[in-house]
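Each of the next two complexes has chain A plus one more chain, namely chain B in the first and chain C in the second.
Right, the complex of A and B next:
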C-alpha cells in the first residue's frame, strides 16, 4: 500500500513538470462548464437565428454521454503518457522488481487514476448534465466511462513505444470513444458495425434511454481490458 | 542463498538456457562470466523474478522465483546493465522515491552519494549526468534498502579505472558485511579479483564452475619462455616446474647467452579459451 501510494504521488509530481499533462487534469471541468453553460446559450442563439425550435438540444443526451467519458479518458491518458515515459527510461522495469511489483504498478498507474476518475465523474455529471438521469444511471455511466478510459490508456501504453507515438495513438484511440455518437445519428441497422466498441453500447443506452444496453458495454469492456492488459504486460 | 536446479528458459522456441544447476552460498561473490549474448543477463532476470516462464527450479532466499511476492524484493537489490532512473528528476529525488517503496528502513542518501563521489551532483537532473555518473548512481540505488542479495549486471563496464576501483571496493565491502553478490561480467580481471566462484557461461550453458584460483590451477603451471641468438633469434618455452629438465636452457644460462626470459601465468581468459573454445569478447 505504501509503495502504491508513493508511486502514485510520484506520478503526480512528475506530471507537474509537464505542462501538457498538467493541463489535461482541469480539462474535465472546463469541458463541463462549456457543456453546461456555453452550449445552452449557443442553442438559444442558433434557434433564434434560424427560427427553429431546437438545433443542438436533441443531442444533449449525447453531450452528457461524451462528458461521462471525458474525465476517465483524460486521467487515464495522462497516466498512460507517464507510463510510456517510464517504459522508455526503463524505470517501469525497475519498479517491477521492487516491493511495488507489477500489480502495484498497475494499481498506481491504472487502478487509482480510474477510481479517482470514477469519483470525479460521479460528482461532476450531476453538476454539469444537460438531461436528467437516475442515480443508478449516473453510477453505471460513470463506471462504464471509467472502463472506457482504461481502454484508451491501455491502447496508448500497449501500442506505442514513445511519447510521440503515444500522442498519435491517443488521437486514434479517441475514435473508440466516438462509437457513442453513432446510435444518435445512424438509425439504420448498419450502426451495429460498431457493436464491438463498448462506447457504442453506452451511446445506445443513452439514445434509447435503456439501461439494459449497459450490460454489453460492461462485458465488452472487460474483454477489451483483459486482451490489452495481456498485450501491455508482454511488452513490458 | 540461491539454489538452481535443472533450470531451462528461452525467449523463443529454440532452447536457450538449458538444464542449469548450481548454488550460491550466503556471503559469496558469485560471477557469471561469458561473452555477450551468452545468457548472463537472462539468467539474472530469472533469478530476480523478471522472467517467470522457466522450467525447473530457481530458489532465491527460500522462495521459488516464479512465486515471488512483494516481500521477495525487500531483500534483493538490482543494478541493471542500463540506467533505470527518472531522467527529469534529480539524483536525490530519484533515490528518495525509490527508497519510499520499501517497508524497511533505508540507508541515508547523502552517505551513499558521497561513497561514489556524487555528493556535489545530488541536485542535478539525471539527464545531465555522464554515463559513468549514471552507472554509479544506479549502483547505489541497488544498495538503498541494504539488501541481502545484490545482483549486479556489468557494474564496472564503461567506468574509468579510478571509479571502477572504487566500485570494486564497495562490492568487496558489501561482502564483508555478509551480503551475497551475483556479478555478471565479461571482464575476466574483475571476475578473477572479486569472485569467490565463477561460472563460465556460453550459449546458455555452464561450461565450468569453480573458484578463479582452482580454474587457473587446472590449466597447470605457468610456462617460461626464453629467447637467444644463434644465427638469428630463437625462442623456446618450458613449464616452470620442469625447468631443471631443460638441458638447452641450462646450457644457455651457463654460457650467459639468453636474450630474454619471462614466465607467463595462465589467466582466466586462457582457461576460458581452453574450456569453451572461444574468447570472452
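Right, the complex of A and C next:
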C-alpha cells in the first residue's frame, strides 16, 4: 500500500511539474459551470434567434451523460499519458520489478485516479446536472462513467507502442465515448450496431430513463477492461 | 533532393505509426456523419470537420512526433547533418498537409462542395498554420501532458472565432482574422485579397519563429550547446 501511495504521489509530482495538475483539477468544475450555466443561456439565445421553442434542451439528458464521462476520462487520460511516457522510457518495466509490482503500478496509475474521478463525479453531478436523477442513478452513472474512463486509458496504454502511436490511439479511443450520443439521435434498430460499446448503454439508460440498461454497460466494461488489461500486461 | 528525402521519410514514419490508418478510419466516420446530417447542414458540417480535425492534425501530433524524435535522439543526428531547420520544417509541414488534403478531398466531395480547389487551398494553409504552431510549442516542452496543455489556448483562439465566423456571428472586422480567412476558404468561400495577405504574413512569421525554435532545440540537444 505504501509503495502504491508513493508511486501515486510521484505521478502527481510529475503532473505538477507539467502544470497538468493545475489544469486537470479545476477542469471538471469549469466544464460543469459551462454545462450548468452557459448551455441554458446558449439555448435561450439560439431559441430566440431561430424562433424555435427548444433546440438544445431536448438533449440536456445527453449533456448530463457526457458530463458523467468527462471527469473520469480526463483524469484517466492524464495518467495514461504519464504511463505512456514511462513505457516509452522503459521506466514502467523497472517499476514492475520493484516492491510496487504490476498490480501496484496499475493501482497507482489507473486505480487511484479512477477512484478519485468517481468521487469527484458523485459530488459534481448533483451540483451541475441539467435534468433530475435519483441518488442511485447518480451512483450508477458515475461508476459507469469511471469504467469508461479506465477503458479509454487502457486503450491508449495497451494498443500503442510509443507516445506517437499513443496520441493516434487517443483520437480513436475518444470516439468510444460518443457511443452515448447514438441512442439520442438514432431511434431505429440500427443503433444496436454500437451495442458493444459500454457508452452506448450509458446513453441508452439516459435517453430512455431506464437504469436497467446500466447492467449491460457494467458487464461490457468488465469484458473490455479484462481484455485490455491482459493485452497491456502482455505488452509490458 | 534532401528535402524530397526528408518528405518521403516523414511519410514513411507517419505511415508506420498509423497516421494513414487513423485518418482512413476517421474519414469514413466523418463521411458517415455527413450522410447522417440534413442536406442543408452538410456544407457547414464538412467545413467544421475539415477545419477541426484533418487541417489541425499538426497541432495535435507535432508534440508526440518531436518528443518521440527526442527520445530516439534524432535531433542529435539532425544537429550534425547537413539538413537545415527550414528543410526539416517544410518536410514536416508538407507531409502532414498531405494527409490533411487527402482527408479533406473525401470530406468535401461527400458534402458536395462547389469550390473544391478553394476548400483544398484553405485546408493546406490551415494545416501549415496549425503544424507550425505545433512545432513551436513542441520544441519547448518535455512531456505529452505539457504539450496538450500548451495547445489549449491556441485551440481556443483558433477554433472559437473560426466556428463563430462560419455561422456569421462575428463582427465585420474579424473577417481579417487569419483563422477566419482559412475557415472561409475551407467552407468554399473566396477570401478578400487583404485576408490572404494577412494569412501569408502570419505564415511567414510562424515559419521564422519555428525555424528559430528548431535551431535552438537542435543546438542544445544532448545536454551541450553546439
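Operating definition for what follows: the second predicted complex is superposed on the first by the 230 of 236 C-alpha atoms of A that agree within 3 Å, B and C clash if a C-alpha of one lies under 4 Å from a C-alpha of the other, contacts with A are read in each partner's own complex, and residues count from 1 in each chain.
One rule holds for everything that comes next: a contact is a pair of C-beta atoms (placed from the backbone, for glycine too) under 8 Å apart; a residue touches a chain by one contact, two chains touch by 3 or more.
On a predicted model such as this, the values are computed, not experimentally measured, just so you know.
> Is A:7 contacted by the first partner chain B, the second partner chain C, both or neither?
So A:7 only meets chain B here.
> On the A-aligned overlay, A:136 touches which partner chain: chain B = first, chain C = second, or both, or neither?
In the superposition, A:136 contacts neither chain B nor chain C.
> Which of the two partners, first being chain B and second being chain C, lies in contact with A:89: first, second, both, or neither?
Both chain B and chain C are touched by A:89.
> Would you check which partner chain A:163 touches, where first means chain B only, second means chain C only, and both and neither mean what they say?
After superposition on chain A, A:163 lies in contact with chain C alone.
> Quick check for you: in the superposed arrangement, does A:99 touch first (chain B), second (chain C), both or neither?
Only chain B; A:99 stays clear of chain C.
> Just checking: does A:171 make contact with chain B only, chain C only, both, or neither of them? Give me first, second, both or neither.
Second partner only.
> Considering only the touch criterion stated at the top, classify A:20 as touching first (chain B), second (chain C), both, or neither.
It touches chain C, and chain B stays clear.
> Considering only the touch criterion stated at the top, classify A:78 as touching first (chain B), second (chain C), both, or neither.
second
> Taking the stated contact definition, name every residue in chain A that is touched by chain B in one complex and by chain C in the other, in rising order.
In the superposed arrangement, which is not itself an observed complex, chain A uses residues 14, 89 for both chain B and chain C.
> Flag every residue of chain C that touches chain A in the complex, lowest number first.
17-19, 22, 25-26, 29, 36, 60-61, 63-65, 67-68, 71, 143-146, 148-149, 152
> Going by the contact rule at the top, pick out the chain A residues touching chain C in the complex.
14-15, 18-20, 23, 78, 81-82, 84-85, 88-89, 162-169, 171-172, 175, 185
> In the complex of these two chains, what residues of chain A are touching chain B?
So the residues of chain A touching chain B come out as 2-3, 6-7, 10, 14, 17, 86, 89-91, 93-101, 104.
> What does chain B use to touch chain A in their complex?
48-50, 69-71, 73-74, 76, 78, 80, 82-89, 97-98, 100-103
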